[in-house]
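The structures considered in this document are given below.
In what follows, chain A forms one complex with chain B and a second complex with chain C.
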Partner chain A sequence: MGYDLEFRPVLARSGELLQALGVSVGLTVFAAIVGVALGAFFAAAFFLRIRPAIVVLNIYIEVMRNTPFLVQLFILFFGLPQLGIHPDAYIAALIAMTINLAGYVAEIMRAGVESVPATQVEAGQSLGLSQMQIFSNVILFPAVRNTYPSLCSQIILMFLGSSLCSAISTQELTAVSAQIGSDTFKYFEVYIVVAALYLVSATVMRIVLALIGILAFGRQEAKAFKWSTGLATAGVTT
Partner chain B sequence: MSNIRTTVRAIAMLALSAISVAAMNAAASAATVQDIVKRGNVTIGVLVGSPPIGFQDENGNLAGYDVDVANYLGKLLGVTVNLVPVTSPNRVAELVAGKVDFMVATLNPLPDRAMSVAFTIPYEGFKAVMVEKATDNYKTYDDLKGKKIGLTRGSNNEGILGKYVDKVGFQMVRFDDDSTVLQALATGQIDAAAEPDATIYPLLKSRPDMGLKVAFDMALSANSIAVRLDDTNLLQWLNTAINFMKQSGDLNAISQKWIGVDVPPLPTF
Partner chain C sequence: MIIHGFGWHEFVFLLWGIPWTIGLTLIACIVGGAIGFAMAVARISRNRVLLIISVIYIQVIQGTPVLLLLFLVYYFLALYGINVQPLLAASVAMSLFGSAYFADIWRGALQSVSRHQWEAGESLALPPATTFFSIILPQAIRIAIPPTVGFIVQIVKNSSAASIIGFVELTRAGQLMNNLTFQPFQVFLSVAAIYFVICYPISWASRILEKRMQHA
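And then the complex of A and B:
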């Protein structure tokens, strides 16, 4: 077929691409921090057996996990205005990514909470700790440690999912790449460059998350739970 | 025993992929008129998601101005027509990657783009118009200061609006197709939208409940068919065919059918 690749028109606009990458990363960092925190709250509701909350949360989690993220974005962006709220594209993307991630994290952390041995809970109870105290002092840390690889994967998946936000006009990396493609007609080149940007960014995120894990949980734990991918990428030998 | 099976399977897969690559190449990379006639079929890319220019009707068939033009050209060639649906973001990639022989997809012939594909003389011309909610009253670009103006990513409106965006000071909000832009306008997520008149006027008639109206006219843009840069043989034939369509009144008939107006005066080059 003899297709000659010409990267110059695409690389000439690398400023725009990097700025848009910043938008994607910003969305992900916000969603990761707030989403994981929310997920931890939801997991607490399950542990503390707050009946009404559990019913609502189960519905919410199943909806988040069993509907396409794009559909969730559309419902937020085109549906909310019917109720009088007009989120702009960036805010809508933030909200959608956060509540989507929180749904997955709640499920992951629920598994993590259940994985903490019951003896720990009983020990806490025998010390006279309240259920809330047991959750935050005894359960939470081991739960996160046990499920840390899943949490990291989910965050990276959300980062890649941010590319769908272009459909509601958020100017993140995929949106800008489509624009550069239509301006220059160098679609092959621009998508290769953008794929490389996503790859490098996701890898850096994995490394950062792995290092946070080592800081929080120690290298021995890291070895015990076989975080081979994250650590190998970080160049850490255990 | 399992070694032989694995080897046979590997060879079979290799053969299959080689055949399919060859078939793919054969299907689309041969694009002189003689090759197309000899092959007996032509693969044409047409836009979808932009009624009435290119869209899917209730039965799921492709229909619209561009589709009729594509079918007409196939009839002139005397071959069967394979229509491939494309959208604004991916239409050029499909052509350059060899998936289609030529592209009838509302492409504005700009010099930057002409470095990647070859354009025929224009076969359609649409006026870009600014659409607003029925309750608004924007008269000129200056009324749009500080507002959000929606458009389709990669459409002709990028260039038209781009000329005014810094001078007037509005925000360009880009969506993937015309339908999403109009949905954003109807739900109040944007203040106005730049759309081709061919899309808007039929929509205003069929969907008065959306509460939209035309604010002001923007600019006329003429659209061409695109072929790969090297296919000069096909380019010349297409130019001849388009000129024939214009002279014979057949292009006018298509324009009347889908947009209700005659073909506007189109430049030739």
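And then the complex of A and C:
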């Protein structure tokens, strides 16, 4: 049973690992910004009751939530070339992460929009605001505030899920660690280091998101902040 | 070598991946459920040591990607000279993954049972264990069912990561079929459709159960 863990060859390449971590974080930040914006846009369609859009969005949300992210990646990266579109590994990863996250965000935000009391919509109507103005000026802010903890959890889950992009050769943290593993034969050590990197980054991301929440919504909301992801992942966000 | 097109027979080959995906999910639910239950109880206990262990356990596993859990388990077993079967590594990793989330979901359910129920048990001079099993647990289970069912969908989906360590389930079957037919679009679309057929009814059930809870 005598095996001594040897971390030196792994730590010698920490520069590469940190750079790759930057790629993972970068992918996540992009997917989070575009995904949340898209999700908000979709939520607007639900609020404005645009029938055809709602039908399409419902299908889109269910497909995103009920198929594995890995398979979505494969369809984009391996499937699209068959149709003559050749996305590179980074673009495919970005698109997959964004549309996946947008599906979850749309579902969360729909619940958020419903959580805003109807009286506020009526107040907006009595001021003569259009439905679109009511959505952007009355509904959107409290909807995001009420669902902020779930949105944060979903973004963190996407960050962790980004490790699957290594399967389509996106050179993010997991792919680079596999490379280092095969160079040094210290697979176990490198994966321990990388798991720790993910853990620390996810925690830092949580703290940053919490700070953004406090800046945007005030201290009151920070109390509702969830440190763990449990219920949000179950798709039961209330 | 003969290159086949992706037709009915190839689709049937993919279907053979289903029992492995479902089997892995069941193992993760049963083993992960057992560990998760213990962790959930530890998480609400007054024992400091148990509390700290469970908090760290849940945070560490929830902060680690499933793929990394799979790699760590796989290479850990390999280090200690065990001839690593992908099924074993995948089962252990998915059970660990499931347990951390089950623990979190069930802790929430246990804590949402009113504290007065504990006091009621105490005032009847019931031992704490009896209070827990006969009063608290039955109420917590009712609350926990919808999110637990919802989380099973996550296990089914995340089990696809086991394909990367070579466990032949649905996704891996898709990759193998892709290598044979070179029609990735049809193959992976079919794989996604099969996952959807497995996951959607579970999601739907979870939603119905949750609605029923709210009305009750």
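Just a few scattered comments:
Just so we're on the same page, the second predicted complex is superposed on the first by the 222 of 238 C-alpha atoms of A that agree within 3 Å, B and C clash if a C-alpha of one lies under 4 Å from a C-alpha of the other, contacts with A are read in each partner's own complex, and residues count from 1 in each chain.
Here, contacts are C-beta pairs under 8 Å (C-beta built on N, C-alpha and C of every residue); 3 or more make two chains touch, one makes a residue touch a chain.
No experiment lies behind these values; they were computed from the predicted model shown.
Superimposing the complexes on chain A yields a three-chain arrangement in which chain B and chain C clash.
In the superposed model, A:179 lies in contact with chain B only, and not with chain C. In the superposed pair of complexes, A:63 makes contact with chain C only, with no contact to chain B.
Touched residues of chain A were counted for both chain B and chain C, and C has more of them. In the superposition on chain A, A:82 makes contact with both chain B and chain C. Once the two complexes are laid over each other on the shared chain, residue contacts for A:166 go to chain B and to chain C alike. In the superposition on chain A, A:25 makes contact with neither chain B nor chain C. When the shared chain is aligned, chain B and chain C each come close enough to touch A:188. In the superposition on chain A, A:54 contacts neither chain B nor chain C. Of the two partner chains, neither chain B nor chain C is touched by A:34. Legend: residue contacts after superposition of the two complexes on their common chain; A:203 is shown touching chain C, with no touch to chain B.
Chain B runs into chain C after superposition on chain A, and of the options 7-15, 61-69 or 79-87 the stretch responsible is 79-87. Within chain A, the residues touched by chain B in the first complex and by chain C in the second are 1, 3, 78, 81-82, 166-167, 187-188.
For chain B in complex with chain A, the residues that touch the partner chain are 25, 29, 88-90, 92-93, 96-98, 112-113, 115-117, 150, 153-154, 158, 173-176, 180, 183-184, 187-189. The touching residues of chain A, counted against chain C in their complex, run 1, 3, 62-63, 65-72, 74-75, 78-83, 160-164, 166-167, 174, 187-188, 191-192, 194-195, 198-199, 202-203, 227-231, 233-236. By the touch criterion given at the top, residues 58-60, 62-69, 71-72, 75-76, 78-81, 101, 103-105, 107-108, 146-148, 150-151, 153-154, 156-158, 160-161, 163-164, 171, 174-175, 178, 183-185, 188-189, 191-192, 195-196, 199-200, 203, 206, 210 of chain C touch chain A in their complex.
Of all residues in chain A, only 1, 3, 77-78, 81-82, 86, 88-89, 166-169, 171, 175, 178-179, 181-188 touch chain B in the complex they form.
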